[in-house]
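Read from first to last, the chains carry the letters A, B and C; within each, the first residue is number 1.
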Amino acid sequence: MEKKKLITDDGIRYDGRKLDELRPIKFQLGVLKNADGSAYVEWGRTKILVGVFGPRESHPKHLALADRCRIHATYRMTPFSVEEWKSPAPSRRETELSKVIREALEPAIFAEFFPRTTIDIFAEVLQADGSTRCAAISAASLALTDAGVPMRDLVSSIAVAKVEGKLVLDVMDQEDKQGDSDMPIAIMPSKNQITLIQMDGLLSHEEFIQSVELAKKGCMEVYAKQKEALEERFKNTTNREDA
Amino acid sequence: MVVPGTLLAEGKYNAGVNVYMEDNKFFSSIVGLAELRNETVTVIPLRGCYIPFVDDVVIGKVVEVISTAWMLDIRSPWQGVLFAKEFLSKPLNTMKEDARSYLDIGEMVKAKVLAFDRTRNPSLTTREPELGKIQRGTVIEVDPTRVPRIIGKKGSMINLLKKESGCQIFVGQNGRVWIAGKSRDEEAVVAEAIRKIEAEAHTTGLTDRIQEYLIKHRV
Amino acid sequence: MTNQIIPSVKRKQIIELAESGKRTDGRSLMDMRRVEIQTNVIEKADGSAAVKLGDTYVIAGVKFDCEKPPFPDIPNEGVLSVNAEFVPIASAEFEAGPPDENSIELARVVDRGLRESKLLDTSKLCIIPGKKVWTAHVDVYILDHCGNLIDASALAAVSALLTSKMPKSSLKLNVVKVSGIEAQRTLEFKFRNGTSTDLKMEEGIAEGEVQEIKEFSVEKAEEGSLPVPLCDRPVNITLAKIGDKFFVDPSLEEEEVMDCRISVTFTEDGRVCAMQKGGAGTMTPDELLRAVEIAKVKSQELRKHLPSGGK
């Protein structure tokens, strides 16, 4: 893709958004029959399906941990999810992201309740347009909730980039490729605890502080969308049981 | 409705199931309906896996045969173990006999949880009148969190199902239900009624609707 | 795809119900489950389709890529490459890792149906003979396994191809003419039979004038697309054999107890273009013929769900 001007002088981004505006995000829970829990997210043009199995017996058994549940995450992209066809074999990037996603979710899970078992989280990127790890983490925490896995909190994630000198919230693909820095963050929103932070690029100390503030604001907006999706999934329930 | 991390209460309370405490604050650990009863905060789960408790009745599926025991999938994070002496009325002579001739891979059993702590797999027994290998009928799977509703207060719902259909029904706490009737059609009606209960568990007027359904579809 | 654990109580139930022509989900032996096909679900792909067959959920994506022709004895044809992934999300039995024998078999069976029906005319996918051809990558992703993955995958692959578009692209050539003079040409890619004479006739290069193509590059345009050369609308139907009865569109539990299965692909005009028996059970020649007759009728029914194109 050739370089484009990504932000107008009035601060309007390539897709019409303001600097601190999120793309339209829609989560749906319980979309798969087989998985114990599942969530599908459309985040701008990014589309990701996450399935959760477990807690279940570990395979192979020797990988089991004596005192807690083993959390295992796999992040994969389909060959047709990106501009140029990508081989289905896992790349080094997918391997790193699988680890990073696991570590973003692990602090939220009460793993000590299920010793010697495994929770498997599978994130399949059907279409990628930037911030796929953030969308995957946010959807995965919903899929875990859908599976009934006990957690301290949901996990909400967003990325901040510096593009043409300005800090922007919720980074799409073109901004990631052309920008000067990219910083994905994940937090447990009601605990105010960061579970993931990565950064590449160049930021001054001041810019970094502003990025973190902007990311927190973005994560809270994602959290609101996640709660909306949970309400939607379980809406026909009442507090009273039939006598 | 609450979600993981929702603040439920603050102060002098007790944490019930699916609730955790931090700094005198009580939070939900799952998605469910919050309840406060006698100073205890609990959350009734809308989604969850089956955690075994001693004396629970369950329906297990044999997934592995070891020389003196069978490993069962009981739809919980841990597989159940059924030792030969808890299934047979006499000990198994491993030199002459093969455990598989009694219970083979894929067969289902009605069993009871004898012992369980999270450090070891739950151990099971079938040495009680209602329990043992399933030889006929239909087995269906439902969300384990709906089992209390399928049984009902003091068994009201399960008794209604049995009375109106004339079928034998065994509800496993692990979300497996065995139905045996005079015909497959009878069993299918009960199966459908149970699915309705599963879908509408937390709504009002359910018992009446189920009764209507069973009467209407009487075989 | 059979689960190794075969519940015998379940098999008895299924066989007994079948005696009165019924199945555990209320269908008759000849009924298919509900079919839902959505196309163009992945905008970045050149073609895509999401299929729900009952609760079985499959997505197929098509992506065109230009590569060197893989077989030296077929320099003028493009390539159709079909791959299937049994994503671990889809079933507790699926493990992460390279495709196993089941997913490879599925990909090859779907491939045969596409290839032998000549759905995609690969002879028109040549860019520069011997040097560059288009490859149509068809990737099938199984997302929820509730039985009959082959039919759902074939439906998704065909639907994705029928609605796919080749992005507009241009060829930039550096050629050396017979006279020794070097020249540059830019050609807009068009579907044509891949012979070198055609190439030389375009854009003012006279026949016999080009000695050698020194360098070339293919560039995709920012916008615009060409319709893909398609003919036919193949449909695959799978039947499971349990006891002496055939079940159309087997569910997961029927596949768990079946003796074997037979999949048949039919072209639009009713010819058989691919067939595969799966599973360790057997059938008599009469049973086979009966199955193929059933499959033919069902394929006509199922074809109605396909998006338009390929006629």
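Going forward, contacts are C-beta pairs under 8 Å (C-beta built on N, C-alpha and C of every residue); 3 or more make two chains touch, one makes a residue touch a chain.
Everything numeric here is computed off the predicted structure, so don't read it as measured data.
Peer 1: Quick check: more C-beta contact pairs at A-C or at B-C?
Peer 2: A-C
Peer 1: Please identify the chain with the largest separation between its CA centroid and the CA centroid of chain C.
Peer 2: Using the mean of the C-alpha atoms as each chain's centre, the farthest one from chain C is B.
Peer 1: Could you put a whole-Å number on the gap between the CA centroids of chain A and chain C?
Peer 2: It comes to 32 Å between the two C-alpha centres.
Peer 1: Which whole number of Å gives the spacing of the CA centres of chain B and chain C?
Peer 2: From the centre of chain B to the centre of chain C is 43 Å.
Peer 1: Mark out which residues of chain C touch at least two other chains, giving numbers and ranges.
Peer 2: Residue numbers touching two or more other chains: none in chain C.
Peer 1: Where in chain A do residues touch two or more of the other chains?
Peer 2: In chain A, the residues touching two or more other chains are 56.
Peer 1: Which residues, counting only chain C, touch chain B once they are in their complex?
Peer 2: Listed in rising order, the residues of chain C that touch chain B are 4-10, 12-13, 16-17, 22, 26.
Peer 1: Please give the residue numbers of chain C that touch chain A in the complex, ascending.
Peer 2: 41-46, 48, 55, 57, 59, 61-65, 83, 85, 87-92, 95-96, 98, 137, 139, 141, 143-146
Peer 1: Flag every residue of chain A that touches chain C in the complex, lowest number first.
Peer 2: Counting only chain A, the residues touching chain C are 32-35, 38, 45, 47, 49-51, 53, 56, 59, 74, 76, 78-85, 88-89, 120, 122, 124, 126-129.
Peer 1: Give the list of chain B residues in touch with chain C in this complex.
Peer 2: For this pair, the touching residues of chain B are 61-63, 104-108, 134-139, 184, 188.
Peer 1: Looking at the complex, which residues from chain A come into contact with chain B?
Peer 2: 36-37, 54-57, 66, 69, 108, 110, 113-117, 145-154, 188-191, 227, 230-231, 234, 236-243
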